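Just below sit the structures, each encoded as C-alpha cells.
Each of the two complexes below includes chain A, the first together with chain B, the second together with chain C.
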Partner chain A sequence: MITFDNVSLIYPHSLRTIFEDLSFTIEEGEMVLVIGGTGSGKSSLLRLINGLVPHHTGGILAGDVTVDGISTSLTKPGGLAHLIGIVGQNPAHGFVTDTVEEELVFGMEALNFAPDVMRKRVEEILDLLSLAHLRNRSISTLSGGEQQRVAIGSALVLHPKVLVLDEPTSALDPIAAEEVLSILHRLVHDLGLTVVISEHKLERVIGFADRIISISADGKAEIDIPEEILKRSPIAPPIVHLARALNLDSVGTSVREVRRMTSHLRDFTPLASAEQKDELQTVVAIEKLSHHYGEKVALRDISITFKAGEITAVMGRNGAGKSTLFKSIVGFHNPTSGTVLVAGTRPSDLSGRERLSTVGYIPQEPSDLLIHASVEKECSASDQDNGLEDGSTFAFLKRLTPTINGQAHPRDLSEGQRLSLVLALILCSAPDVLIMDEPTRGLDYQAKALLVDTLISYARNLGKCVLIATHDVELVAEVADRVVFVADGDIVADGPTIDVLLSSPAFAPQVAKVMSPAPWLTVKEALRGIASATGAESSE
Partner chain B sequence: MKKTFHPLTWWAGAIAAAIAVSLADSIAFNLAVVGGMSFLVYRSNKFVIDKTSWSGGLWFALKISVIIIAIRTFIGIAIGVPVPGTTLFELPILHLPDWMAGIRVGGAITQERLFFALSEGIQIATLICIFAAATSLTSPHRLLRQMPVFIYEFGVALVIATSVLPQLVTSASRIKTAQKMRGIERRGWKGVALPLLEESLARSLDLAAAMDSRGYGYSRQRSRYRREKIASSDLTVIAGALALIPLSLVVFA
Partner chain C sequence: MKTTADIYRLSLQSKVVLTFTSLIALAGFLWPFFYTGNLHWIFLIAIAACVLLLISEVGIGSIDAKSIALLGVMSAFITLLRPLGAGAAGLEPIWFALIIAARVFGPSWGFLLGVTSMTTSALLTGGVGPWLSYQIFAAGWIGLLAGALPHRIGNRLIRGVSEKFMLIVAGIVAAFIFGLLMDLQFWPWVLGSSTQLSYIPGGSLSANFSRFITFHFASSMAWDIPRAILTSALIALTATPFLQALRRTHFKAAFVAPIEFRKRVEVRG
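Entry: the complex of A and B
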C-alpha cells in the first residue's frame, strides 16, 4: 500500500539529514507503529506519506514515496485527500469549522461530494465513532478524547485507504486513549484500513501494532515485527524492560504474554514491606476549598494537605478540576470559598522574590515561560530575579543536560531540553512547592527518565513538596509517593501510589499488571522485590 | 437543530448599521446602536450552553474600545489644529522645527476640541463593536463557507486568521498568567508577544497543512452539505438594520 523507495530527506539550512536511504513497504490492512527519540523525524516520516513533506514544509526529497501506486512527489496533498487521512499531533489545531457535523463534511464539500452521499457518510461515521450525541456540539467544548475522535472521523469520512496519526493519545487520559486505540484496532480489522501511527507512550499502543518502524538518531530506520525490534531498541515499554531485566528468552508485547513467561516468578508470597514514614511537615494546607466559574462548579469543598519531601500525582479526566486546584495553590485566583495556605501564607498575596521561593509552577506549555533570545540570557535573567550569583542557573542547567548549547534559541531546543531549561529556571529559586501540569507530553523515554531523577532528588534531598498533574500512569508509578484522584470537582481517592493505582485496572502500570498480585509498580521495584523474596526463601 | 439565522444576516445587518453610524455623527445614536447590539448578543448567548470562542468577541471589543477612545481623545486634544471656543485649560506649546509647520502640539484645549475628539473616538469604537457583535452572533467560519471556491488562497488566509485570532486572546492570557507565576511581573508586552507569535505561527501552519491534506481547494467545484436558506426572520433583521440609515439621516444628521 505504501512504498518508500530509497528515500532521503534533508531540510534546507540544516546540516543533518533526517532520513538516509529509507526503503520499506507497508502492506494493506497493517497497523504500523513509528518509534524514535524526540527530533528523530517521526513526524516527518508520517508527513512524507501524504506529501505534506516536502510540498508543505519544504525540504529536499530524494527517492520516491508511493501510496496505492500514486507517487507523492507528483501529487499534492490535496490530490491524495481521498486516499490518505491524516490526523496531526494536536487535533485542535487542525479543525477548520465550529461544530462536529460541519467538521465531518468539510473534506467532502471540498472534494465536491453529492449531498446525499454526504448525508449517508456522516451518519455512518457518527455511528462508527459513537459521536452521534455530539453532532451539533461546538468542537471547542469537547474533551480531548472526543476531539481526537472527531479528527479521526473527519479523516475517515472520505473513505481513505490509509490513516496516519501523529501521537494520537499523548494528550489523553488512559481510558480515553484506550477508547481511541480500540477504535483504530477495529478499523484495521473490519475495514482493512492501513494505519500508520507514531507514539511516545509505547505501553499504550504496543499491543495493537503489527510491525514497528524504528528510526535511529542517524537517520537510519528498520522495520520489523515488534518482538524483533524491541529486543534491541533502547526505546521500549516497561514490560520489555522487565523481560530484559529478568533475562527472559524473548520479549512479549502484551501483559498476557509476559505474565505467562513469568509465572514461575510469582509463586511466592511477597514480603510485606513495612516502611514507616516519618511525620512530614505540611507545606500546602487546603481547607474546604470550592471554586466556581460562573454557574459551573470546578471544585467542591476540598480539604487536603501536601507535605514536604512528598511527590503527589494528581490524576483525573480532563476538566475534572486538576488545573483549578493547581491554580488555587499557585495563587492565580482567589477561591470562591475556603482557604489555601502555602508555607503559612495565602499564595495570592505573594509577589516577587517571595513568590519565587515559595511556589514554582510549570504550565502545560513550558515555553510560555521563555521570553529571551538565548538559553544563557534566560538563565542570567533568572539569576537576577532570584538574586543569585551570576551563572548559577546555567550551572544547574548544565548538570541536568550537559550537552545543552548556551547560545541556542529556546525555541530550537528539543522538548526534553526545553523542559530541563524551564526546570532549571524554576528550581534554582528552590520553591517550597513545585507544581507541574502534564510534564510528559511529547517527551521520549530518555527525557522522561531525566525528569524522574530531577523530581525525586528535589523532593528527597531538598525536602520539598512536588505536585504533578498527569495522565501518564508509568510516570506516576516511577515518581509518586501518593496519588490523589479528582473527579467532577471532588477528591475520590487519596492514598499511597500503590493502593490507588492497583485498585483500578485502567490505571495500573504494566509491570503491576504482569506481577499482580505482588505490589510492584516499576521494573526496579519488581527486581528488588523478587531478589529479596527469593533471597528470603533460600536463606530459610 | 435550533433555528439559526442565515450566516449573512447579521453581517448584512452590521454593514447597514455601520453605514447608519457613520452618517449620523451623534454620540447618543452610537451608544444606542452599541447598546442594542450588546443586548442582542447577550440574549442570543444566554441560552447557549455550547459557547464557541467567538461569543466573547463583543466583550473583548468593548474593552478595546475604551482604550481606543482614550487614545483618540488624547491625541485629538493634544496634537493638531486648534479649534476656537470656550477654553477649558491650556497646555504649554511644544516648539517644533520649521519643516513641521502646521502641526501644533499642546496649546489651548477648548470644550469644542475635546467634544470633537471624544465623538470621533466613539465613532471608531462603535464601528469596531458592531462588527464584533456580528462575529459574536454568527461565527465567521459559517460566513466563509458561503464564499465561492475560486477565491481559494484568500479563503485559506481568512479561515486561518479567523481561527487563530480568538485563540490569540486565550493564549495571551494563559501566557501572562504563566509568566506572573514565574515572577515576571513587569516585562510588558514583549514577553507575551514572543511566545504568542510563535504559537500562532505554528498553529497557522498546522491548520494550513490540515486544510491542504483534506483536499481544500483541490476540486474546482464545491458541494454544500446543508444549503442555508434565507427565512423571513433573516429579512426582518436586515430590513430593521437598513431602516437605521434613513433614521440616522433624518433624526441625527
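Entry: the complex of A and C
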C-alpha cells in the first residue's frame, strides 16, 4: 500500500539528511507504529506519505514514495486527499467548522460529493465512531477524546485507504486515549484500513501495532515486529525495560505476557520496607476550602497540608477540581470560603519578587508563559525579574538541556525543550511551592526522565514542596512520595504513593501490575526488591 | 527549478481587471465633480459589481492553500478588532493590522486582505449598505499601498526604527486617504440640498470642489485626526512584536522553498 524506496530527505536551510536510504513497504490493512526520539523525523516521515513534505515545506527528496501506486513526486497533496486521511496531535488546530456534523461534511463538500452520498457517509461515520449522540454539539464543548474521534471521523468520511496519525493520544488522558486507540484497532480489523501512527507513550499503543518503524538519531530506520524492535530500542515502555533488566528470553508487549514470563520471580514474600520519614515542615495549609463557579461546586470543604521536601501527585478525572485547587494555591482567585496559606501568607496578597519566590506555577500549556522572541531573551528577562546575575538562568537551562539553541524562538523548540525552558525560568526564583499542571503531555521518555530528575533534586536537595496534577501513572510511580486523589470536588484518597496506586488496578503502573502482589512501582524498585528478597546479586 | 507555492501575487490578467475596476471605482468616488445628470445610482451598482468581478477574478487565479490560510486568519483577526472600535469619531482599530500585515506579505496579498477583512467585518458590525463597496475598494487600496512600500533604499534594508517610522507615516496617510474617500462617497447625500456645504447637482466644478473641501475639513477634525492618532499610536506600540510574529510566519510557511526530486542523494556528514 505504501512503499518507500531509498528515501532520503534534506530540508531547505539545512545540511542534515533526515533519513538515509529508507526503504520499506507497508501492506494493506497493517497498523504500523513509528517511534523515535524527538526531532528524529517521525513527523517528516508521516508527512512524506501524503506529499506535504516536500510539496509544502520544500526540500530535496531522493528516492521515491508511492501510495497505492501513486508517486508523491508526481502528485500534489491535494491529489492524494481522497486516498490518505491525516490527523494531527491537537485536533482543535485542524477544525474548520463549529459543529460535529458540519465538520464531517466539510471535506466532502470541498471534494464536491453528491448530497445523498454525503448524507449516507455522515450517518455511517457517526455510527462507526459512536458519535451519533454528539452530532449537533459544538466541537469546542467536546472532551479531548471526543474531539480526536471527530478529527478521525472527518478524515475517514472520504473513505481513504490510508490513515496517518501524528501522536493522536499524546495530549489525552488514559481513558480518552483508550477510546481513540480501540476505535483505530477496530477500523484496521473491520475495514482493512492501513494505519500509520506515531506516538510517545508506547505503553498505550504497543499492543495494537503489527509492526514498528524505529528511527534512530543518526537517520537510520528499521522496520520489524514489535518484539524484535523492542529487544534493542532505547525507547521502550516500562515493562520492556523490566523484561530486559530481568534478562528474560523475550520481551512482552502486554502485562499479561510479562506476568506469565515472570511467575517464578513472584513465589516469595517480599520484605516490607517501611521507611520512617522525618517530620517535615508544612508549606501549604488549606482549611475548609470551598470554591463555586456560579452554581457549580468545584471544591467542597477541603482540608489538607503539603510539606516541604515532598512531591505530591494530584490525580483525578478532568473536571474533578484539580485545577481549581491549584488556582486557589497560586492565588488566581479568592476561595468562596475557607483559607489557604502558602508559607504563612494568603497567596492572593503576594506580589512582585515575593510572589516569584513563594509560588511557581507551570500551566498545562507551558508556552503560555513564554513571551519573548528567543530563548536567551526569556532567560535574561527572568534574570532581571529575580534580581539574578546576568546569564544565570541560561546557565541553569544549559545544565538541563545542553543542546538547546539560545537563538531559537521558544515556539520552535520541541515539547521537551520548551518544558525545560519554562522549568528553568520558574525554578530560578526558587519558589517554596512548585505547581505543575499535566507536565508530561507530549513528552518523550528522554524528556520525561529529565523532568523526573529535576523535580526529585528540587524537592530533595532544596527541600521545596512540589505539586503535580497528572494522569500519567508511570510518572507518579517514578517521582511522587504521596498521592492525593480528587473526585467531584472532594479528596477521596490521600496517602503514600504505593498505598494509593496499588489499591486500584486502574491506577497501577505497568510494573506493579506485572509484579503484583509485590509492592513495587518502578523497574528500579522491582530490581532492588527482587535482589534483596532473593539475596542475589543486584543486577543494576 | 520547482519550488513550493509563492505568496499570492496578482497575475497579469488580474492586474488588468484590478486597474479597470479601480478606475470605475475612482469615477464612483469623483462623480460629483463631473457628472451633471441624475443617474448616480449607477455607480452604487457598478462598484458592487466591480467588487464581485474582482473577487471572482482573483479567486479563479492560482491562489495557494497557504496564502488562503493566512488570508483567513488575518481577516478573522481584523474582523474581531473592528467591533472594538467605537465605530464613531474614526476610532477604527483595524488599519494598523492591515498595514503591518500588508507590509510583510506584499501588495497583492495586502489588497486581498483589505477586501476580505472589510467585507467580513461589515457583516459582523452590521455595516452592510451601499457604502460597503466603496469601503472595500478603499481598504483594498490601502493594503496595496502599504504592501508596496519599499524594502530597501539603495543598499540599506529598511528594518527596525526606520521601518516603524515609515509605517507610522503610512498609517497617518492611510487614515487621511480613507477619510477623504469616505467623505467623497457620502458628501452628496449626507447634508440634504439646502446647506452652505451641500453638493450642487450640475454645479460648476470649482463651486462643488470648494464646498467639498470645506466639508472635508470640517469632518476631518472629528474623524480623520482621531483615526490618524489611533492608527499611528497602535503601529508605534505593536509594530515590533507584530512584524516579528508575521515575519516568522512568513518564514515558517516556506514560500518559494526549492523542491527537488532526485534518484539518489550523496550523503555527506
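We adopt the following convention: the second predicted complex is superposed on the first by the 510 of 540 C-alpha atoms of A that agree within 3 Å, B and C clash if a C-alpha of one lies under 4 Å from a C-alpha of the other, contacts with A are read in each partner's own complex, and residues count from 1 in each chain.
The rule is short, and it goes like this: a contact is a pair of C-beta atoms (placed from the backbone, for glycine too) under 8 Å apart; a residue touches a chain by one contact, two chains touch by 3 or more.
Note that the structure is a prediction, hence the values are computed from the model and not measured.
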Fit or clash between chain C and chain B when superposed on chain A: clash
Contacts of A:D368 with chain B and chain C, given as first, second, both or neither: first
First (chain B), second (chain C), both or neither touched by A:I86: first
Partner chain in contact with A:N247 - chain B first, chain C second, else both or neither: neither
Partner with the higher number of touched chain A residues, chain C or chain B: B
Touching partner for A:S263 - first (chain B), second (chain C), both, neither: neither
Touching partner for A:H56 - first (chain B), second (chain C), both, neither: both
Partner chain in contact with A:Q407 - chain B first, chain C second, else both or neither: neither
Chain B versus chain C as contact partner of A:S8, first or second or both or neither: second
Segment of chain C that clashes with chain B, given the candidates 8-16, 80-88, 98-106 or 170-178: 80-88
Intersection of chain A interface sets (partners chain B, chain C): 55-56, 78
Chain C - residues contacting chain A, complex: 3-4, 65-66, 241, 244, 248, 254, 256-265, 267
List of chain B residues in touch with chain A within their complex: 1, 50-54, 139, 141-142, 145, 159, 163, 174-175, 177-185, 187, 190-191, 194-195, 198-199, 202-203, 206-219, 221-225
Complex contacts: residues of chain A adjacent to chain B: 47, 50, 52, 55-56, 76-82, 84, 86, 88, 90, 93-98, 101-102, 105-115, 118-119, 122, 136-138, 140-141, 154-155, 158, 330, 332, 351-353, 355-356, 359, 361, 363, 365, 367-371, 385, 411, 425-426, 429
In the complex, chain A residues that touch chain C: 6, 8, 10, 12, 17, 20-21, 54-63, 73, 78, 373, 409
